[in-house]
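Chain nomenclature is as follows: A, B, C and D, assigned in order of appearance, with residue numbering initiated at 1 for each chain independently.
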């Protein structure tokens, strides 16, 4: 019987080595595998290269805490702004940063999962982020060559999972999670719900189990409220 | 001189979006535009994090915290919405499927170059988000920004001083003083705020302005 | 009001020009937009470059008929075998053929939809299909450079559609359809069912409407039975 | 000499697939393998056209014609199955996510080269399907084929004469006469059919055979 469910956090994160590249899903506070990140701090792996869209907000949980306790050597990220923890570490020269355009980041991770070692893209041409990259006119546009971003570990938050590792997500919690799940050697999932095999509609599975290594049941609850809308005089007739 | 307010800028831009367009609104000022598109004119709003068909902010007592937009604000879904993952979401952006993207900017050059992601090569924390993908990928890029910096330096310039986001990408600019097209000739003034003369606008602009052809 | 539904086949296929590159979904008989192909014959566009996984089986309908009446200049295809119509045209030198590995075909079409003008892949290296292609060692393997396959038109079969062009598929009818839907300037859909806007679960939409131009309601029915299993002595205890 | 029958070849290969593997079976002979994996040993079968978790052929009175495998035969789904589009399906193949692919072949060379898609450079209609993707992408490639052609020429050769499908890809070969590994040394005989001597096998093989180390 294929059973990717694990009973404990220790089992979920067993074997993650120092120096690993770790993909972490989530966008804002939604779809962030915070329990797994806290587990990774416990687990003790250090010198990590973390790949995540944001550097996190709340210093007390998840990614900022991982960085605060000094486990991250480098952050690969599209939008590291807003994290006081990262800010201080970065200014102190205690963490490296690779800024990657968000779409290029998603595509580089997808490429790793899809066996595409490199691809051309017009995104970033003529900017500071293209420095040192091969440039080429292809398909009628100037492009740069970007490489697959393959990882040792992916930490993923799902809404539903079964023992084969099939996953669904909730709302905008999907974001980077399905893309990252396919791009790592070891993909560890914290899932809000665990279903019987066969309970998930085959048409509705977003991440097929082939991409998943371990599933831990973490009834994490809902994410905290998002940011407040910018204050501005609103018109009478809203859409 | 009676500059456009932020709400006025947003309304003005919203009025220029025809029904049926797929539109991504950048975080900050551009987000306001959605409030000025009436629901009966169907415009489909996209958010980088995988939402197509985003609706307005929810009432405070009915917030679904599983739905955030690119600015991490809680949002709603319209009937007809769909949810996709990040690579599929950026496929819409990078594959040229969005009719319009609206971004804020620090500077726009007369050739359409845009600088909007970092103010200095030695920024404490540079952060680009999806700006480069949007600027390079959308069918057209419009910018919403103040016409000048707080200390009066022009943001519409001959050549951007700040690090670029994309080359020759901007098609139109909505400022507090004017609406300006970026054409092959450079900056073309479409509209000015009440009491703003062409000459006064030129004075606050770092590159030559043209009257519409 | 956004309404991509069209009332007639003529409206669905209006404007398709001679010389167009046309993507046609389907794998075997499942998910093939046969009504649209027959409509395209009626419409009259000629000198077409057809991109499809198979060359079709039944000579009386769909793609083989399109080729039989001489509208296709070239077929881009992974598995053109099994079509007597194509066979005869090809042997008579009356149609060009570009054979593409099936995964490379899917990825080239996906790349067109995703704004990736070209990518490297190890598939095909050292084979006849790599001839004339740039070869490069990248990501630790020998790879060849493959280009996006962008099209003028995509013909797609869906199971459900709404007036915004959101689509779902049925069973293995998904196949190339969602990938092709995103890669063409004009994407025309024949859908078995038309739903009210809002009836499709946002989490279950496979093709978001942004990729779709026109939707025609064609309650086409079920595909014919597939091939028979190869005959062989079967063991007593089947799985 | 008592060669393995087709069913026996399929059963032998099936016995070598451990529980938990993700497996793609090529059209034709390899398709039979699935029938010999008992349901209680969970092996997940993949089909190029977007099925993961394929089950056996349906009973004749309960065929869902919306489900076909790569050979266009009607199939079923197991509990735990999922359906994806073609690019996502080939992502599983090309991204190295499948543990095993089993293909038929015209020839396999001692260095693991495989020729299985066209028998001549001037084939009337060449057709490759997913063979090149599978051969280049799966974690391991096993081949099932007759040991020789109908007129007795070896299919296990020093160097393929037919157009190649992939370089150095094959790890093991199941023929009607033997099971043979492809190692750094070349062909290594794991097992022979009853009454087939090593010498008789070598005679029917176009490259040097090695006894297992």
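The working rule: contacts are C-beta pairs under 8 Å (C-beta built on N, C-alpha and C of every residue); 3 or more make two chains touch, one makes a residue touch a chain.
All figures in this text were calculated on a predicted structure; none of them were measured in a lab.
Trainee: So which one's got more C-beta contacts, C-D or B-C?
Mentor: More contacting C-beta pairs are found at C-D.
Trainee: Can you check how far apart subunit A and subunit B are, centre to centre, with Cα atoms defining each centre and the answer in Å?
Mentor: Their C-alpha centroids are separated by 27 Å.
Trainee: I'd like the Å distance between the centres of subunit A and subunit D, where a centre is the mean of that chain's Cα atoms.
Mentor: Result: the chain centres lie 36 Å from each other.
Trainee: Give me the residue numbers in subunit C that touch at least two other chains, ranges are fine.
Mentor: Residues 107, 114-116, 121-122, 169-170, 203 of subunit C touch two or more partner chains.
Trainee: Going through subunit D residue by residue, note those that touch at least 2 other chains and give them in order.
Mentor: Residues 83-84, 87, 90, 93-94, 137.
Trainee: Taking the touch definition from the header, please name the shape of the chain graph: line, ring, star, complete or other.
Mentor: Contact pattern: none of line, ring, star or complete.
Trainee: Applying that definition of touch, give me each pair of chains that meets it.
Mentor: So, checking each combination of chains, I get A-B, A-C, A-D, B-C, C-D as the touching pairs.
Trainee: What residues of subunit A sit close enough to touch subunit C in their complex?
Mentor: It comes out as residues 107, 111, 114-122, 138-141, 143, 147-148, 168-170, 203-204.
Trainee: Spell out the part of subunit C that touches subunit D in their complex, as residue ranges.
Mentor: 27-30, 53, 77-81, 86-87, 90-91, 97, 99-104, 106-107, 109-110, 121-129, 169-179, 206, 222-230, 232-235, 237-239
Trainee: Flag every residue of subunit D that touches subunit C in the complex, lowest number first.
Mentor: It comes out as residues 5-7, 10-11, 28-29, 31-32, 34-39, 47-51, 56-57, 63-69, 71-74, 83-87, 89-90, 93-94, 118, 121, 124-133, 136-137, 163-167.
Trainee: Which of the residues in subunit A end up touching subunit D in this complex?
Mentor: Those in contact with subunit D are residues 1-2, 112-116, 162-164, 166, 182, 197-198, 200, 202-203, 205, 208-211.
Trainee: With touch defined as at the start, can you tell me which subunit D residues reach subunit A in the complex?
Mentor: Those residues of subunit D that touch subunit A are 19-20, 22, 40, 42, 44, 46, 52-53, 77, 79-84, 87, 90-98, 137.
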